[in-house]
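Comments concern the structure below.
Every chain is named by a letter (A, B, C and D) in the order it is written, and numbering of its residues begins at 1.
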Amino acid sequence: MTLINQKYTSIEQAIANIPSGASIMIGGFGSPGTPFALLDELLAQGQSGLTLIKNDANEPDIGIGRLIRAGRVDRLITSHIGLNRVAIDEMNQGRLAVEMYPQGLLAEKIRCAGAGHYGFLTDIGLGTEIAGARREIECEGKTWAIEPAIHAEFALVHADLADEYGNLVYRGTAINFNPLMAMAADHTIAQAFQVQPPGNLPPETIHTPCAFVSQVVQVELASSEQGRRAHAV
Amino acid sequence: MTLINQKYTSIEQAIANIPSGASIMIGGFGSPGTPFALLDELLAQGQSGLTLIKNDANEPDIGIGRLIRAGRVDRLITSHIGLNRVAIDEMNQGRLAVEMYPQGLLAEKIRCAGAGHYGFLTDIGLGTEIAGARREIECEGKTWAIEPAIHAEFALVHADLADEYGNLVYRGTAINFNPLMAMAADHTIAQAFQVQPPGNLPPETIHTPCAFVSQVVQVELASSEQGRRAHAV
Amino acid sequence: MPSDQERILARAAREIDPGQIVNLGIGLPTRLFHYLPKEMEVLVHSENGVLGCQLLTEGSEPDLEMIDSGGAYISTRPGASVFDSALSFAMIRRSRVDVTFMGAFEVDQQGNLANWKIPGKFSPGIGGAMELAQKVKKLVVLCSHNDKHGNPKILKQCRLPLTAPRCVSRIITEKAVMEVTETGLQVVDIAEGLDVDALRDATEADLIIDEHRLGRF
Amino acid sequence: MPSDQERILARAAREIDPGQIVNLGIGLPTRLFHYLPKEMEVLVHSENGVLGCQLLTEGSEPDLEMIDSGGAYISTRPGASVFDSALSFAMIRRSRVDVTFMGAFEVDQQGNLANWKIPGKFSPGIGGAMELAQKVKKLVVLCSHNDKHGNPKILKQCRLPLTAPRCVSRIITEKAVMEVTETGLQVVDIAEGLDVDALRDATEADLIIDEHRLGRF
């Protein structure tokens, strides 16, 4: 694990650690919490053959939408891609492999990896078509589906505030999948609007302790303006 | 579930909902986070035949130590009772049934109930004597133990701040099991040093959203002084 | 005279009691926001991770980090909290949401619901609907009584892939309010000016109708 | 001349590098706090839910809500965080703690550790030891070389119930520093003034000793 005093770095260096073919979790539900600046740097650096894990596919011209449109994503593990027609087309054309889970199960599968378990036992989806694909077991006279954890090599997350050790504070509905993914990946890269010296963030307000963050970079507010255009107010 | 506008109540009324024979989760690791005032009221009201779920047994003269000494507890699900000689004696005499789990598994079993799952699959404890008691399954060529969730009818938790809807903010190492238990019990009673009008607590600072709290009561700082005497500084 | 959607929404708002926790699905249900009195103590849950949403005041600058699960900018009311997606769905699976409103492609007299997939035509993913449908105690379906070709949406048996089996409590359309009971679909209210035979003609499901106890809306 | 415990602690402190996350077990390991320079950027994890503990400044009033897992009042250093017990153990199970120090009743040459239960005599529960032992990458045992009756604690094979199998990286006693390797227990350092035969006599485990590379401490 990165030493706590070696985490604060440049966006170029942080993203350069990611090889082509990597599996990468991406925070965000819609635009809030999506690490736009990290994704734009990933687009610029050219890594390809990626497996992405994200709640949604953003929209065609922002966030992972740009990576998908550029043909850099082989596989997407997600919950709902209804706002991205390009992703739907790529899926229908067979150029993008898409694996879909109910949103809460996706969140729990990621959380489960972050907690260091193999999987969990659920009744969600019994009696629906998702049930057929899963292994089931009987416990105490009832049927439960085994949902294996989802890991990744990398996670890209967006925080509002950070400190140089990599402690993270999220804001508003930009929390969503970010703290779960930060724990579930082997190597977590965080962007934040402000990266402060250690000691500036009250201990109770920290959502993701620095132990789960490998690198932290400071980004301009402007990078998230991309997300703004996409939403009707 | 209690309506949000009917949660702020008196300690007498809140505890009067608990019948004898109930299963009750109790927050706290040592003294911090232990809901001393709620426990003292439970002692005063006289409920017996209780099953308690708590990380530790406090010490003989405080918290659940007083309930155990008074013979009001039939069963204790815990992680470590080394600081309570009375509990150890009661266990050795066969008057208190004690079920022990490694601390992190206990936390996860409670968290798992709070997340609405049946259980989770872990490798913790394989190759030790706790392995024998558990059902195991093979997944992807490895052995995993099934750890079922632990539910309870009630949870008693301690917060630093609350609002009248039951939103809770914890402080310091008094967080520990409290947010997990608040989610895992059917009926959660919270004590807080301050109960404020809704809107006073910033949304990002809330550790336990009010949806998981049935009743909230305000208590004096003094009740936790009990815990203080027990610790060497 | 109210439009069909206004009639549905006005009736649906009466399903919410002060003090409850409510989830509003994407589309028509989201518009229920406009039918809740601002002073009413209700916390609206949105599954992306917020409890206590309210509409953005007209003309105010949106906070870019605050959206609901439909992607609209929102604000929060006093008593609101924000949290991660695991906690948000724990709240759903632990049945801490009192009532949820959803649209439907099809709904049937057993309370089965289909609202996420039309095989070969539409399958963007199920999002949060499955867990909401399966675990929220009271699920109220808000939909048009018939599809745009006039075909019934209230069926004897759903044909599309289910969101969840036997999950619906109530169905509100522009024509009727129907309760899913042990014995079938009981009509609670019928639209002003509609007669019972016309309702039956527009419906594939078997309807239980006690004309003496029938309300109007 | 340092006491046996001081010798162990001073040597143990050299196992910690700046920038690491460290867990200090109850008892002797907790006293390592006194051997860490205050300006050293190290975050001490305590499994009750805090990362970044430090000793309370002498004479200062304790915060009643801040203890470590041993029950002592603590304060925190810059960069500290507090969290619930599930997150605290996720940190452990995900191997985000770089090094942990623990006491032992018995430890053996395969790296097995027994430090929580003496059947029929002592069984207060395992607390957090099992997960720390199983999942922290570097586990350093700090213990006396022999028990109070003079019996060896460094064994060929543990006899007591294990905390975790094959979990120990290093053992530091007042007599030696031993590394658990694929081929057995390699002596890294031997105490000043002790000879190799005396060390072997005090030890049940087979020791691998390369006298040319042996350090003193």
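Keep this in mind: a residue touches a chain if its C-beta (ideal position, glycine included) is under 8 Å from a C-beta of that chain, and two chains touch if they have at least 3 such contacts.
Predicted model, so just to flag it, every value in this text is computed and none were measured.
Enquirer: Can you check which chain pair, A-C or A-D, has more C-beta pairs in contact?
Expert: Top pair by contacting C-beta pairs is A-C.
Enquirer: Which chain maximises the distance between its CA centroid and that of chain A?
Expert: D
Enquirer: Give, as an integer number of Å, the spacing between the C-alpha centres of chain D and chain B.
Expert: 29
Enquirer: State, to the nearest whole Å, the distance from the C-alpha centre of chain C to the C-alpha centre of chain D.
Expert: So the centre of chain C lies 57 Å away from the centre of chain D.
Enquirer: Report, in whole Å, the distance between the mean C-alpha point of chain A and the mean C-alpha point of chain D.
Expert: Chain centres of chain A and chain D, defined by C-alpha means, are spaced 36 Å apart.
Enquirer: Of all residues in chain D, which are in touch with two or more distinct other chains?
Expert: 50, 82-83, 86, 89, 92-93, 135
Enquirer: Got the chain A residues that touch at least 2 other chains?
Expert: 108, 115-117, 123, 171-172, 175, 203-204 - these are the residues of chain A that touch more than one other chain.
Enquirer: Take each protein chain as a node, join two nodes whenever their chains touch, and name the resulting shape: line, ring, star, complete or other.
Expert: other
Enquirer: Please list each pair of chains that are touching.
Expert: Those chain pairs which touch are A-B, A-C, A-D, B-C, B-D.
Enquirer: Which bits of chain B are touching chain A when the two form their complex?
Expert: 108, 112, 115-123, 135, 137, 139-140, 142, 144, 146, 148, 169-172, 175, 203-205
Enquirer: Given the complex with chain A, which residues does chain C contribute to the contact?
Expert: That would be residues 46-50, 56, 62-69, 71-73, 82-86, 88-89, 92-93, 124-131, 134-135, 161-165 of chain C.
Enquirer: Going by the contact rule at the top, pick out the chain A residues touching chain C in the complex.
Expert: So the residues of chain A touching chain C come out as 29-33, 55, 78-83, 88, 100, 102-105, 107-108, 110-111, 123-125, 127-130, 160, 171-180, 207, 224, 227-228, 230-233.
Enquirer: For chain D, which residues count as touching chain A in their complex?
Expert: Residues 17-21, 41, 43, 45, 50-52, 76-83, 86-87, 89-98, 135.
Enquirer: Using the touch rule from the top, collect the residues of chain B that touch chain C in their complex.
Expert: Residues 1, 3-6, 114-117, 163-165, 167, 183, 197-199, 201, 203-204, 206, 209-212 of chain B touch chain C in their complex.
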